[in-house]
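What follows is a set of structures for review.
Shared between the two complexes below is subunit A, which has subunit B as its partner in the first and subunit C in the second.
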Partner chain A sequence: MAELVIRNLVKTYGDHRVVDTINLKAETAELVALLGPSGCGKTTLLRSIAGFVPISSGSIEIDGRDVSKLAPNKRNTGMVFQNYALFPHMSVAENVAFGLAMRKVPKSEIEKRVAHALDLVSLTDYAERRPRALSGGQQQRVAVARALVVNPDVFLLDEPLSNLDAKLRMSVGMQLRALQQKLGLTTVFVTHDQKEALMMADRLVIMRAGRVVQEGTAEHLYQEPATRFVADFLGHSNVLTGTPVEGGFRTDGGIKLPSASTDGPRVLAVRPENLLLGGETEGVETVLDATVETVTYLGSITEASLLLPGGERVVAHHQNRTGRELHLAVGDTIRVGWRTNATQLLIDDMSEAA
Partner chain B sequence: MARALTSRLLFGSLIVLLYLFLLLPVLGITYVSFFNSQFLSFPPPGYTLRWFANVFEQEALISGFITSAEVAVLASLIGVVSGVLASLALVHFEFPGREAIKSFLLAPLLVPGIVIGTALYVFYIQIAQSTGWNPTRSLVGLVIAHVMLTIPWSVRLIAASMGMLDRSVEEAARNLGAGALKAFLLVTLPRMRAGIVAAALFSFVISFENLEVSVLLVQPGATTLPIAMLQYIEWNMDPTLAAASTVQILVIGALLLISDRFVKLSQVV
Partner chain C sequence: MALSATDLKRGGAASALLLPATLLVVVALVAPMLTLLRYSFNAYDPIMLMRETFTLENYARFFAEPYYHEVILTTLAVAFGASFGALLLGFPLAYFLARTKSRYKSLLVVLVVFPLLVGNVVRAAGWIALFGSQGILNVTLIKLGLIESPLEIMYTDWAVIIGTLSVVMPFMVLSLQSVIENVDFSVVDAALNLGASRFQAFRLVFLPLVMPGVTAGFALIFILCMNAYATPYLLGGPGYKMMAPALYEQISVISNWPFGSALAFILMATTVLATLVVTRVVRGKTV
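Let's turn to the complex of A and B:
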């Protein structure tokens, strides 16, 4: 069990800073999820921890020891590859035994530990099979057992659920999380699926273009996103562009809204579930007349897209509880409103990219 | 229904015809090897096994067979080992001049055999003149020439089989504590088995049947089988060579069957 500390890590390919000055810490037994859009450098960061990517500068410490110059086989990390990377010419048991054999563990102990590891992932009956003769979910469990059996200091997972079908993903994810907690493994987990990250992680690290944008617990990131990018990436957020003015915020469409005033930030964000419709707007600070553009009934919620008087479009989620179903038709005019404390003024880190 | 049947029949007969076309020379040779006549004539006056006996009385053919087999085994062994090393460099590492080296290794495929033979002959004479050691006096000269022929095939087949390998499997081995060499030997090499067997088979056959490169490089009394055969038909027109070929076909067929037990050949080619 160990602590992972990454300091000022940089990886460049040519002029391209794929990982750009990243600082990251995973405490003993903590599961940290690296989350971000495709190409933001998650895999590169994970592979540099494992030692497959020579880093350009910075340091990687496991339990206070700088491992950044060590060969992959000297780092004692346990990695689960996205495609599992099982050894096709070996049986399941031989796959799991491989790391122990490399560590020159005595035969009798290898047998015991392999049996235990296979039991942990409920694959005891499949020990003699070749990986090819297993389902995707079973292969994934072999990969997990193979990585865990050597007691790695750091457990690394690159989108371990992405090759599973949607139904399995949830349950396998929960099992992985339970295993990680039971064994107290320091874990870094890469995904671009926010649901996976929310479900499994102690702490989320949101990455973008090689940098960490924000990190924290799921609640913290969802409720207090630091920037427009985070608000939009984690869940959906309605973003109104404009300028902060005396005592409020004026949208580009010309509506003046009350808000906490600040100098720097430039966009106002409201989550769809914080948009109140019709009678619910009674007594809230902001109320506008909007036109209904689309209505989608999604069972527990109804999603409506609304056109505000300033020309902005927002999405509202209405919770369908018995007795308060919402009857909306396209073209209706409806009152929409929100409390000022449900809005956030955020740094606009999206416009320069767009 | 009827139309589907007709088209299936047509397709089936086309396949049969194609196979016949490919196999006809083999069948023809085998048939001729049983003719009981001094000169090839048709229809044969009768059938006999004596040409098979005659094959084993021709010392030139027997020693040619042994020489060819020795050269082919050595040339394919050396070819396969260098093929593995070259592929490893070409597939795994980025280095300046990689493309140039690749083309260079594949080049002998494009140069006519007789040109390679002549060039080597001249080269060997120069070596003999300046060092006193003549490569054509032993099998060394011939083996070197045949390695040139087998390397392009080995590199091709082995690099292809290595290129199709997913590198993350080797990385998994490194991650589990294997050093670079162990990861290669325990994980990557076994997965290249099919490519290696294919390369060895191709190399063996190419070396074994080669005539035009060898013809200038052999010394009297130590010729290869194809050359011995060529010399035999200069003076004889009997079906002995047909019988020799039949034996050769049987031997190579047996080799293929044996290797198929280790690697399914259908996966290889």
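Let's turn to the complex of A and C:
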């Protein structure tokens, strides 16, 4: 196992900087999730670590050794491809044995290690089958076993759960995480599904247009997003556009709100669960009269979309504890409020791009 | 599996759709073949041309006359030579065409197919003009004093092999290209990722995946070569010993339909047999 360090990595296709000056570190046994919208360069970054994409500049170090000029077969990474890329003309056991055979491991040891790897992913009974005769989940496990059996320094996964149905995704993801922790694998995991990332990763790296926008633990990113993009990408956030003014923030709709002061273009963000309704607004800094536009009862929470006096729309989540149920009807006027410390003034990195 | 009523109905509709093609095959292929097969057991008569009988004489003649042994061996050698040559030369080109992301790809494909637009008679005539003993090349070389007598390029085995090869090349490239395009190259990446060298990835993963398609393409081209007529005739000269010209000569020059028919069936049987052997050998190697 080893540490992965990426410095100032750039990959350009023509004039297009698909990966733009990325710095990234994965500690030994750490699982880092690369998260970002489609086309932001996640796969390109992962494939450049594996050596399939020749990089334009920067360096990739595995265990202190610069591998960025090495051919893919000299890097000792273990990759699980999005479509699994199993060898269709070989049995499951032959697939798993392939990497060991390439490393000239003696036959008897290959047998032992293949058996062990298949056991790890509970596929012992399927050793002689062809990949085609396996379910999607089983194929995924073969791909995992095949990548792991060679003891890779870095384990690379490109959306390994995206070809599984929603029900399976959760349990396979948990198993994968358990395996990664058990074996202490340094892992980079690509996904555009935030649930997957939250469920599996030690650390999340949010990417956008080839750059890292922010990185940190799931909690850190959720509670202290650096920009509007991050707040919006991880969970939902109510965003009020406007300008910072003396002692607060004036929304474009003309409501003045108290908030920490900053300058420069900002938006005010409040998470739906931090919007307080009705009696809960007692004693909070901001209280407004809003009109209820839609109400959706979701069991543990009720989701309401509200129209603020300034014309903005926000979404509130009310926790339905016994005795605190909320009875809302469309068209009602209700007090909505929030604490200043539950709001964030975020850099607006969405309007310029749009 | 039990067939339900709807299956049967659908089966009926499907058969109806197959009918025109089936009719065409029967009228254009099966009926003429059966006729020829029957002819091949008839006897040749210098006056009546053909006499109804049932004899194996025509087949016996083929096996008895060394001339025809040479004809069939030349046919096999030319067909193998041209198909293997087309495979070796066509594979890299097909690979490039299948893998390129260039926006000129369709233009390149058109260029590959372009020779098909020039019929092989026209092309062969061009070659004679260029490479014949009175052709541009020889005349120029003699004038330059580089050679004294014209080079024998035309009317040799090599002229026929290279000519046939160039005729079948577009078919070879197109069939290989479609085979290669169907390969999911992430498996090659997976092999490299697992420590295989480029050569190992090619031999252990890529080749086994394309081999069935390559074999099918090769067989198709081999069959075309076995039956080549115009190219051997024009580039090998009128006396060139290959099966298709020989049997054409029997039928339309000498009007010996029985022997010509027998030659046709021997050519067909040899082609089928050789194709089977080649595909067997290749399969045995990869599986």
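By our rule, the second predicted complex is superposed on the first by the 353 of 354 C-alpha atoms of A that agree within 3 Å, B and C clash if a C-alpha of one lies under 4 Å from a C-alpha of the other, contacts with A are read in each partner's own complex, and residues count from 1 in each chain.
In this text, a residue touches a chain if its C-beta (ideal position, glycine included) is under 8 Å from a C-beta of that chain, and two chains touch if they have at least 3 such contacts.
Remember, predicted model here, so these are calculated numbers, not experimental data.
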Side-by-side fit of subunit B and subunit C on subunit A, or clash: clash
Touching partner for A:T77 - first (subunit B), second (subunit C), both, neither: both
Partner chain in contact with A:F52 - subunit B first, subunit C second, else both or neither: both
First (subunit B), second (subunit C), both or neither touched by A:H89: both
First, second, both or neither for A:V150, with subunit B first and subunit C second: both
Overlap of the subunit B and subunit C footprints on subunit A, listed as residue numbers: 50-52, 71-73, 76-79, 81, 83, 85-89, 98-99, 102-103, 146-147, 150
Touching residues (chain side subunit A, partner subunit C) in the complex: 50-52, 71-73, 76-79, 81, 83, 85-89, 98-99, 102-103, 146-147, 150
For the subunit B and subunit A complex, residues of the former touching the latter: 166, 168-169, 171-180, 182-183, 186-187, 190-191
Contact set on subunit A toward subunit B in their complex: 50-52, 71-73, 76-79, 81-83, 85-89, 98-99, 102-103, 146-147, 150
Residues on subunit C engaged by subunit A in the complex (per definition of touch): 184, 186-187, 189-198, 200, 204-205, 208-209
